[in-house]
Amino acid sequence: DEITVFAAASMTNALAEIEENFEAETGHSLAISLAGSSALARQIQQGAPADIFISANPGWMDTLEQEGLLEPGTRFDLLNNSIVLIAAGDADPVEITPDLDLAALLGEGRLAMALVDAVPAGIYGKASLETLGLWDDVEAQVAQADNVRAALALVATGEAPYGIVYATDAAAEEGVTVVGTFLADSHPPIVYPAADLANRDVPAEAEFLDYLKGDEARAAFERQGFVVVAN
Amino acid sequence: MLDWLGPEEWAAVALSLRVAFWAVAASLPLGIFTAYALARWSFPGKQLLNGIVHLPLILPPVVTGYMLLLTFGVKGPVGGLLNEIGIVFAFRWTGAALAAGVMAFPLMVRAIRLSIEAVDVKLEQAGATLGASPLWVFLTVTLPMTLPGIVAGAILAFAKAMGEFGATITFVSNIPGQTRTIPSAIYAFLQVPGGESSALKLVLVSVTVAMAALLISEILARRVADRVGGK
Amino acid sequence: MLSVDLHHAFSGFTLDAQFEAPPGLTVLFGASGSGKTTVINAVAGLLMPDRGRIAVGDWMLLDTGRGVRLKPHRRRLGYIFQEARLFPHLSVKQNLKYGAWFAPKDAPREDMGRVVELLGIGPLLERRPGALSGGEKQRVAIGRALLSAPRLILADEPLSALDETRKAEILPYFERLRDEVDLPILYVSHSASEVARLATTVVVMEDGKVVRQGAAAEILGDPDVLPMGAREAGAVLTVTVKTHHADGLTELDAGGEPLFLPQIAQGPGHRVRVRIAAHDVILSRSRPEGLSALNILSGVVHQVHRGEGAVIVAIDTGAGRVLARITLRSAQALELATGVAVHAIVKTVSVASSDIGAVGG
Amino acid sequence: MLDWLGPEEWAAVALSLRVAFWAVAASLPLGIFTAYALARWSFPGKQLLNGIVHLPLILPPVVTGYMLLLTFGVKGPVGGLLNEIGIVFAFRWTGAALAAGVMAFPLMVRAIRLSIEAVDVKLEQAGATLGASPLWVFLTVTLPMTLPGIVAGAILAFAKAMGEFGATITFVSNIPGQTRTIPSAIYAFLQVPGGESSALKLVLVSVTVAMAALLISEILARRVADRVGGK
Amino acid sequence: MLSVDLHHAFSGFTLDAQFEAPPGLTVLFGASGSGKTTVINAVAGLLMPDRGRIAVGDWMLLDTGRGVRLKPHRRRLGYIFQEARLFPHLSVKQNLKYGAWFAPKDAPREDMGRVVELLGIGPLLERRPGALSGGEKQRVAIGRALLSAPRLILADEPLSALDETRKAEILPYFERLRDEVDLPILYVSHSASEVARLATTVVVMEDGKVVRQGAAAEILGDPDVLPMGAREAGAVLTVTVKTHHADGLTELDAGGEPLFLPQIAQGPGHRVRVRIAAHDVILSRSRPEGLSALNILSGVVHQVHRGEGAVIVAIDTGAGRVLARITLRSAQALELATGVAVHAIVKTVSVASSDIGAVGG
């Protein structure tokens, strides 16, 4: 069978590995469409021929669920992630507490984040800074990129001295140093939910969802720095 | 050489060529007609038509893509109708071509329109006195004299279609072999760590193809201009 | 028969022209800016006048009152523009063939080879207009119009870019069109000899208005009109070919009087038109002897018309009315007055070949 | 009426206008020069120049934005130099204008080039015989006769600049009041479920502005054409 | 003094022309397509010939051998193109002023008002070229070239689109340029009377080559050359104004012989040129009496030249050599041969006003 998977683009690498193994093992074939979670969700709303949706944004999954576009009972949280504060080049670690003088660290520089009201990584980052009481100090200095990778690039090129990105992205980028990790309770849980979509019934869908939960998939996700939700 | 790019990337290159070619080929007649109408006729709603033609340029591509999704998706008013007679754009390469064509349309029309406006009306009059009806005057005088502009418009549109991303991914997603064009593939690579080198390869392919097209168009246009100018 | 009635206002220029052109060739004559091209453009349908009526016979091209406005391409014209307007993207040959394409299949056609040869454009057929000289362009434009199987020819100074020799070659062709093919022709020209030779009718324009119209002989021969300045006045006589002599002269019969011309093409019995320019006629009270001039027409002074610096004398001869332009001093010396008998001496060769035309419609 | 949009949106509208205006105004002289060089000169590397001019059209906007970041960022080779003389693009509206200008450049050049090619060389020759040097011939003959094309090119560029998103956000990110243009704002709204209506307002504003610009340009071009054609 | 030596090959046409034009006005004469415009374009710098040298005096415009290729805008030309080439985006007035802008501030200038009046374009000043008639365009183009303070004038059939009256008004202006302003002028024309009147030198072209060049009188008066066909042959005499008579005649002194013309502008003592066309001369063995013709020149036959259908007789008179074109029959009847004494009868008015010119360089 052919299974069409709509997945957030931030999973490109992990899914490439999983695709190869899954196809070899089961003989099914996967077509994985990688785009922003919002674009994919809208397409699903408009009747896209997708079987599985993996979103980086629980909000969009909620929306689809409310509209009855998910196969009831198939939604589960696949991955966890964390957000970190990164600095350009080498830098000393800092402790991320309400006492952190982030504004002083930045000086004249910018704090690179994903869009703080629109893109999950930005939303989480803003929530953390608000919890810590730092947001008002730095708000004016935040440079919002349209996705996490672009925020990362701003720091990696040295254009912004600091940034807030996913731990998964930070780990792989040589030009940046992780100077601190935001505590998981300072922001809503960062989860990547997955679900079977209601529109079509391909028997192999369930097989693939099971595979995602399996050890091989877990290994692949972990190699890319994700934390797989224990279940 | 062939394994310099993986099969999926080759598929993206082939798809992009097909999409760009059809985007231009299919919209060219309408582009010429629209350009002619804007250049030579005056009719109520002309400025409105002119505005609509330019819309894809003015709006962020995501918006255009979203509007295409709402209109030409299987649930959309036009998409639904076309679906009944077997024409499907949604999540097909045809949809990618539609998106690219729409985005490139204003460029094509402008170029052709400028060329038409440059044709001396006195020559068209000469054609009319010799018995050619307006349609024949158009075909035998205006059109051939406009060829350099049509070539320029087509190539501009082709280049744009090769590079179009935002509207395409929003409308038809990013499905390998179906709608994953070079820009969409580049996007996916850029969303994950370590994807830059793969992205760069595709950028090079894309640039090479477009340069070749440009060069051919220059040679074509030169030849036409020589014919008109001298021997 | 072409009938034209036009009213049109540009800012700064108003056209208000009515004329009736009988079959044959009608010359529009007038100073630069007098409205000739404007009239022709209206007939072609390229200018939509504010008000007007244009008809060829009972075929109505335009009648603004009744809302008839035939599109240019339905008027079946051969328009030779003042500026050649060749198609730059087509070769000379393709330009020539352009009109034939759109003509009805059964329309009478000129032969392409003949026209090409006449115009001397054979070596140019494969070139594009960009590589032609000014006169060559104009010749191709003439060919293009002639080959479009038109029902009406409009020619706006078609020969002005050409040298005398070439003109002399092309003029007879327009004559043939006028006479044999029987096409109505509207023709703009500044040259009196072209007018005399070609025109059936002359329409004189001044500042957007038709100030005078009539048969060519009448207009050119009327000392009161002289639309083209006194120098261009002259009589146009219709004569009959009598014999071709062995020494290269053709003898003509002008109402009983013999007239000698250098050999002309028409055979005995044909009627031709000759123009005798007023400034080429010498008058004498006594019959002169021993002159190189062979043509002496005897007659009686009809009228003595004093112009600026010169006198135009109209003489009724057996051949018709002849004009002579002489000085006031000579007129006084010869005591010329209405009724006086005089001899008009016309140098044979001053009746120039380009002033001879086959008699038209 | 004014509170139909919030102050942040109004700021985005004002900024977009400023960015688009300067993107066009500043690039117009170079655009005219480039168009002239491509239309009338032949020199080694002409096809290369032509290719470079078209690059922003061919490449996905993100790539262009990234290249701008690498070049014109404060750490970039050019950006660093300019920084020393006080010209800063990074995270400033000037950078947004640069990005928009670069993206719009090929459209502008094509339109102007077509118009220049349509100017009859014979008129330029007439100017030369009357004593005008090539520069003066250009200024007094070519340029005025090219005006409709320049207006067309400028307006095309303006429209493109109003709609440019990908390169801008990648290069200068999205800083409210600094670099948050209408498209960035629209994009952000579209990323979250339920953001469509806010996005729609901005789309309407954007369309209105661009239509007004178009209309003005049409009237201008008509006036120029009338002058050249008749009285 | 303009010296030209050009070699250039188009596909299908090769130009290979050398000539030296002494000061004054040089007419390029030749059939359509003979290469006249090509020569003028090369002098203007608009055509870069394969090989060539062009110099005005010792000012070198082009010398391909030594790599000298002056740009057109440095040549300071007033080029009147065969097709007007007005700037469509500028008003007539702006077109006229265009060249003056770029001329050195101290260059001698024509007066704008005068030129405008002469050309009759006063009412058109605010219009754009698109709203002009063909002849109006050409007149503006002439004005534009004249007002650019040029050091060399190139005129490619500048008058061919104009009517006779307008031509007659503009011709004296070119004479004045030739004589008073002392500008070298290279002038293309198809009209023999224009040539006779204006030309200091005539250069005859045929198929890209210069086949003949010389002083105007020499070329036009040489029965062996007749480049323009026999009809155009004629003598050009230089004569002196004697008196203006009250009856509107001007008496001229032609080497002792009196010659009468309708009133001309030049005052007594001035030397002027008159052209006597060969076909306007009648010959007689005895001195004729009682004719309206006032001018009778006595002389001796220099040569009898048989052409096709006609004979050209060259007669040496006190006024200079005069040509007469008569029929073979007359030549035989009068028993004309070298050495025979004859009288040449020239109709006063057949020495047309456009054939009179002030004597140049």
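Chains: A, B, C, D and E, in written order; residue numbering restarts at 1 for each.
We take it that a residue touches a chain if its C-beta (ideal position, glycine included) is under 8 Å from a C-beta of that chain, and two chains touch if they have at least 3 such contacts.
Quick caveat: nothing in here was measured; it's all calculated off a predicted structure.
Where touching is counted per the definition, the chains common to chain A and chain C are B. A separation of 35 Å divides the Cα centre of chain A from that of chain D.
Annotation: 90 Å between the Cα-based centres of chain A and chain E.
Note: centroid distance chain B to chain C, computed from Cα atoms, is 57 Å.
Counting partner chains per residue, chain D has residues 62, 66, 166, 187, 190, 231 touching two or more of them. Contact with two or more other chains is made by residues 83, 127, 131 of chain C.
Looking at chain A, one finds that none of its residues touch two or more other chains. Interchain contacts (touch definition given at top) occur between A-B, A-D, B-C, B-D, C-E, D-E.
Residues 44-46, 71-73, 75-79, 81, 83, 85-90, 98-99, 101-103, 127-128, 130-131, 144-145, 148, 154 of chain C are the ones touching chain B in the complex.
Residues of chain C that touch chain E in their complex: 10, 12, 30-33, 36-38, 82-83, 123, 127, 131-136, 138-139, 156-157, 160-166, 168, 190, 192, 228-229, 231-232, 245, 247-249, 260, 262-263, 279-280, 282-286, 288-294, 309-310, 324-334, 345, 347-350, 352-353.
Partner chain A is touched in their complex by these residues of chain B: 62, 65-66, 69-70, 73-76, 90-91, 169-170, 173-180, 184, 187-195. Considering their complex, residues 122-123, 125-134, 136-137, 140-141, 144-145, 227-231 of chain B touch chain C.
Residues of chain A that touch chain D in their complex: 36, 38, 41, 59-60, 62-63, 110, 112, 115, 117-119, 142-146, 150-151, 153-154, 157-159.
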